[in-house]
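Here come two complexes built around chain A, the first alongside chain B, the second alongside chain C.
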Partner chain A sequence: MAETAAALPGAEARASARFAGFVRRRRLAPYLLLLPALAGIALVYFWPLAQVVLYSLQNFGLPQVTGAAPTQWVGFGNFTSTFADPEFWLSLRITVVFAAVVVPLTLVTGTLVGLLLNRLGRRMSAFVSTAALLAWATPPVSASVLFYWLFNPDGGLVDWTLSKLPHWLVGSTNWSGFNWTTTGALQAYTVLTVLVVWQAFPFIAVTTLAGLKTVPAELYEAARMDGATGWRVFWRITYPLLKPIFLVLLLLSVIWDFNIFTQTYLITGGLGNRDEFNLSLYLYDKAFTFPPSYGLGGAIALIFTVILLVVTVGYVRASVRQGALT
Partner chain B sequence: MKLTRSAGAIGAAVVLAGAAAAGCGSSGSSSPAAAAPAKLTVWRMGPSVASQVTWMNGVVTQFHKQFPQYAKTKVVVDWIPWASRATDWTNALSSGKGGPDITELGNTDTPGIAAQGALANISSDVKAWPNGSDIIAGNLANDTVAGSNYAVPWFGGVRGIWYRKDEFAKAGITAPPATWAQLVSDAKLLMAKNPGTFGLGAPSNYTNAIVSFIWGAGGQVAVQKNGKWAAELNTPQSEAGIRFYADLLLTQHVSPSKYIGQTELGAPGATSGGSDEDFAKGTLDLYIDGPWAQTSMQAVSTKYKADWASFPIPSQTGPSPAPAFSGGSDLGVWARSPNRTAAWDLMSVMDNPGNATTFANLQGFFPEFTSALSGGKYSGSPVMSGFAKAAAYTQISPLNSKNWTVADATDAIIPTMMKALMQGASFTATVNKANTELQNVLNTGSES
Partner chain C sequence: MISSTRIGARTARRTKTIALNVTGVLVALVTLFPVFWMIATAFKPSPEIYSLTPRLLPAHPTLGNFSQVISGQAAGIGTVWLFFRNSLAVTRAAVLIASVVSLLASVAVARFRFRFRASFLIMLLIVQMIPGQALIIALFQEFGRLNLLQNLLGLILVYAAQALPVSIWMLRNFVATVPRELEEAAAIDGATALRIFWRILFPLVAPGLVATSIFSFITAYNEFIVALTFLGQAHSTYTLPIYVTYFFSRGGAQWGPIMAASTMYTIPVVIFFLIVRRRLVGGLVAGAVKG
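What follows is the complex of A and B.
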């Protein structure tokens, strides 16, 4: 940098050299290199976020967009009315319980399949991972429609199969014509659990497999020589070594399962069943169904963001403590 | 100025809009050259139907003949699915682009949409319109907000109960039920005589039918007192209606549990399943809906079509039927349309008594003109006669109040209440909660 500056003639060269020296003394180069990316993030993330904060304090709706009525500041009114709404708490509870069930299920299934893939021969491994990744690659809309048909009360495959099975096995419910998707949150989220786990575990499996390939084979060999069981090998060798990977997967899964929208929207019947709303559906319903209320939507979005930030901060603290981020 | 290309027309239209707004005010006739747009866009709701397209082509020919200044104006019809109409309106409103010149509206949509500033004030046009005075007065009043007209009724309809003549004959039922007790006993009889069927479909997400049972017991959803809404879901009369509907599933077992959480057409947003298909296929004996359901039912199956007939929804103790929700569609001019005058002119042709009657008959609705309804024209048809009887007992309030869209679409208060009851929730607590929410929404637009 200094050499380039010296090649320039006169005062300009001196100024340029002084700037280069300043940058070097203060070790500013890395920050300068970060600037373009930061500007990009500010444009596409911080600016909209600031807008959302602004809207959340206003009665911002259609008349305000079209200019038919003036925008009014409502203070924290949007937040207090959200906290006062029992349906907000119901949708929050559904979201948390759903994540609490689906995240462990996904992680355990994914890890088990990852361990399996690691032991399988080349051909079988390729076959299993292809089959699993196809599920992962299926677009959420297609997968939801597929499950909608499987669990359809009017001739769906699941209802048909259950109705053919003997009563001692599946209970005396009239399974033909059993409506899984709209009669209640428990039924709908049973379908959604299967759907989301089916779509999410392949990513966990492949990531675990990638981690497993980095574990030196000698460690396993030594453990086996000492007579360790598979269970013990996993908890003493695999788990500690892959802990940073598991932490990332845990965080990503929590965020993904909190944010499920496409699948819940399609399986629970548009926005027709409010007792089956998760937070995403609740937010969408409040913000965008007619007449839209962008102010209220902004407030709910911020509450949602704060909840996920708490999860993320917990993750970062855990990572720093165990040295994964240094 | 002659506009031939639509791309140029958009820019020019904006200029024209300014000129029109500045030049002619709300009602005056502007010079033909400035008022002739290259294109008029009409938003129709529902799937495109061949017979309706033919009808519209005829209307456009008349429009060109009746208003020679628009001879070069192209009329484009966009078919908007009912389920996404609010989204499409919202997008057109918030972006200010891609909106229609004329839009069809469900009659319960009109007051809410008008309150959002989406529709042009057409009071003076309606007043000057020769057919305006023939429109059923109550229905025109529905399109009036704060004394101004924002839409005109186009066609109307009421729900009744579909049945099959062959099933009635087989069960020995000679006259349609006129009380709730008869309705339930007939439903049970039909179920017994037709194994594998259910008697009477009661989907939980079906506000427009549930209100008939509330009204049929002498109850009200909400009433206006001193300019404020008072919700009345928890009066003894309303509760009797709500309980009767929930009990069709819970204690009478004439409706299947799969209809919980469904509309009359199946899961909300789904394109198949639901009580309409079950009736068409013959697995449901009695089905609550309007005459318009015939189009979609015969698309499922025409096997029993010859036996389809209707009777009005009975009231609790008879003999008059329960008041039916007076549904239907309106036509309005989009507030941001740069072609206000041309749009109104086209609308006046679409909604003249001749065209509106043909159109209503085409799809199983009733025209909105007093003259077209009189004279017992509909009593001869087995399908239409029951609905025509029901059409004599109608009510719309409070389904036409300004905040009803919030109560029924955004917050789904009655469907959520009915679903909870059908899931076995405590009756009094559930109804009281819905009542409080409804009163808040009707008065303030927000639940709490």
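What follows is the complex of A and C.
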């Protein structure tokens, strides 16, 4: 270091020393360290968010992008036309119902597998969690394409299996050649439910397992001495102790399933089936499908963000209560 | 009397163990099946894929699907290696940038007490909850003006920046565990700030950097919506997920080559998960649970 300092011309060395002194006196060091991170976050979060707010109040579409027509302020016009659009309400309903079904299903499956992992021997536990890890590691695009193939009417395994099963078990539908992805929202989202639960339960299971490891074994032994059943032990000991973890997992799952885009985009066939749009697809379609309307897209994006912000406040409060800011 | 109840209890326990293990095996098999089916399909010749009675394993395993994907003949937009290179270039650069920037920020948050510290931390939490698809419209316009659409640099910047909130949030715990006394002792010995950083803080925080890099690598490797929107029709810039999507939505029911392509896309990240599993679970749990 001494060499480099000597190599610097005197004026420059003095200037850099003066800068260091300035930083120290004004206690600027933390702000300087934060500067690159803040620049990055501004680039991909703050600036776009501000822009989206502006778009939502303008008639910003193709003519405005190409410069053929001027951008005009339209007040809350984009919001009122969104609320007047039946497709918006349909996509909102699909989003909410999907989350309401998938979140509990994922949480219950994940918790049960977590409890199972905790009870299994070491080798068996490693085997099951490796299998779960594989489902978790599969990229969403691969998983979606794969499930599309599994549920494909031409040669897909699911239709073939269902057509071989007895009618009393699977209903009298003619399953061979049954089209899951374009028949309607219910069928497409059935596939999506299986897909998302398959991909998301491992994270819940592993997190639950990590939580279970922190519960003192004496508590369980005492409960067993008193003759408590597994069900009672879970609700009286495990659940109260792991409640903070479950709360965070619940909020994260709601956010993920509400936000889901990749899987719905691929399973419902790009943007081809309008009656299968969830909120994300509806937003993407309004903004980018020709002719693009960034104004409408901005309005929907804001509505979307506000809904999620309500959930986020819950997440932040849960984290703060766990002492995350210390 | 005593011994018979003891035997009864032992049998009950053994039955329970067997039941648990059977459940475990079933859970593992059901979970593994889709991935198995993807790989099995990738090795099947076409007649077996569309056979009226599907077989679990390929009767005549073939590498034909893979060679079509590698030659680029299947999707018609180039060899799969091109998209591998794109994905690797993007993830590598994004992870590198995100690591450096978030390390600096986490030092600020963990080592200094300043005015907006708590607000900054809460901001990180909130920001990562903003849905990506809500901002994509503005990102598309913004990066279009910067001339960063349809090239890899735009993706690198977005992925690096998007990795920051979680990385900083995770790294600050690692920085906080490095004893301050070590740095103070070095400072007394006359070490400069830079030297303290490289010689003391950096080696001790390295495991944390590995954990956050894993996280940002996986996020960038899997990212879909930004790449889909930015890359448009510029086939030669496609990352792996966009390549698989293009191939998939082109139709023509080429399930053999499509499964071969998505197997090639999936296997590296699965192996990576298996190697880093302990860090991954610990890191994500720390990130999700402890915050």
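The rule is short, and it goes like this: the second predicted complex is superposed on the first by the 269 of 326 C-alpha atoms of A that agree within 3 Å, B and C clash if a C-alpha of one lies under 4 Å from a C-alpha of the other, contacts with A are read in each partner's own complex, and residues count from 1 in each chain.
The rule is simple: a contact is a pair of C-beta atoms (placed from the backbone, for glycine too) under 8 Å apart; a residue touches a chain by one contact, two chains touch by 3 or more.
All values derive from a computational prediction rather than experimental measurement.
Chemist: Does the superposition put A:Leu133 against chain B (first), chain C (second), both, or neither?
Modeler: Second partner only, chain C.
Chemist: So in the superposed three-chain picture, is A:Asn118 touching just chain B, just chain C, both, or none of them (first/second/both/neither)?
Modeler: It touches nothing on chain B or chain C.
Chemist: Of the partners chain B and chain C, which touch A:Phe178 in the superposed model: first, second, both, neither?
Modeler: Touch status of A:Phe178: first partner only.
Chemist: Applying the document's definition of touching, compare chain B and chain C: which contacts more of chain A?
Modeler: C
Chemist: Quick one: is A:Ser16 in contact with chain B, with chain C, with both, or with neither? Answer first, second, both or neither.
Modeler: It touches nothing on chain B or chain C.
Chemist: Looking at A:Val52 after the superposition, I want to know if it touches chain B, chain C, both of them or none. Which is it: first, second, both, neither?
Modeler: In the superposed model, A:Val52 contacts chain C only, not chain B.
Chemist: Looking at A:Ala287, would you say it contacts chain B, chain C, both, or neither? Reply first, second, both or neither.
Modeler: A:Ala287: touches chain C, not chain B.
Chemist: Touching A:Asn152, do we find chain B (first), chain C (second), both, or neither?
Modeler: Touch status of A:Asn152: both partners.
Chemist: Does chain B (first) or chain C (second) touch A:Thr190, or do both, or does neither?
Modeler: Neither partner.
Chemist: With both complexes overlaid on chain A, does A:Val141 touch chain B (first), chain C (second), both or neither?
Modeler: In the superposition, A:Val141 touches chain C alone.
Chemist: Of the residues on chain A, which ones does chain B touch that chain C also touches?
Modeler: The answer is residues 65, 148, 152, 154, 266, 269-270, 288 of chain A.
Chemist: Show which residues of chain A lie in contact with chain B when the two form their complex.
Modeler: Listed in rising order, the residues of chain A that touch chain B are 61-63, 65-66, 68-69, 81, 84-85, 87, 148, 152-154, 177-179, 181-184, 266, 269-276, 285-286, 288-292.
Chemist: Which residues of chain B touch chain A in their complex?
Modeler: Those residues of chain B that touch chain A are 83, 86-87, 89-90, 93-94, 96, 112-113, 115-118, 205, 256-263, 267-270, 272-273, 277-278, 405-406, 409-412, 415-416, 419-420, 423, 445-448.
Chemist: Touching residues of chain C toward chain A in the complex: what are they?
Modeler: 20-21, 23-25, 27-29, 31-32, 34-35, 37-38, 41, 49-51, 53-54, 100-102, 104-105, 107-109, 111-112, 114, 117-118, 120-127, 129-142, 157-158, 160-162, 164-165, 168, 192, 194-195, 221-222, 224-225, 228-229, 240-241, 244-245, 248-249, 253, 255, 258-259, 262, 265-266, 269-270, 272-274, 277, 281-282, 284-285, 288-291
Chemist: Quick check on the complex: what are the chain A residues that touch chain C?
Modeler: 1, 27, 29-31, 33-34, 36-37, 40-41, 43-45, 47-49, 51-52, 55, 65, 113, 116, 119-121, 124-125, 127-128, 130-143, 145-150, 152, 154-155, 157, 160, 198, 202-203, 206-207, 210-211, 244-245, 248-249, 252, 255, 258-259, 261-262, 265-266, 269-270, 280, 283-284, 287-288, 294, 297-298, 301-302, 304-305, 308-309, 311-312, 315-316, 319-320, 322, 324-325
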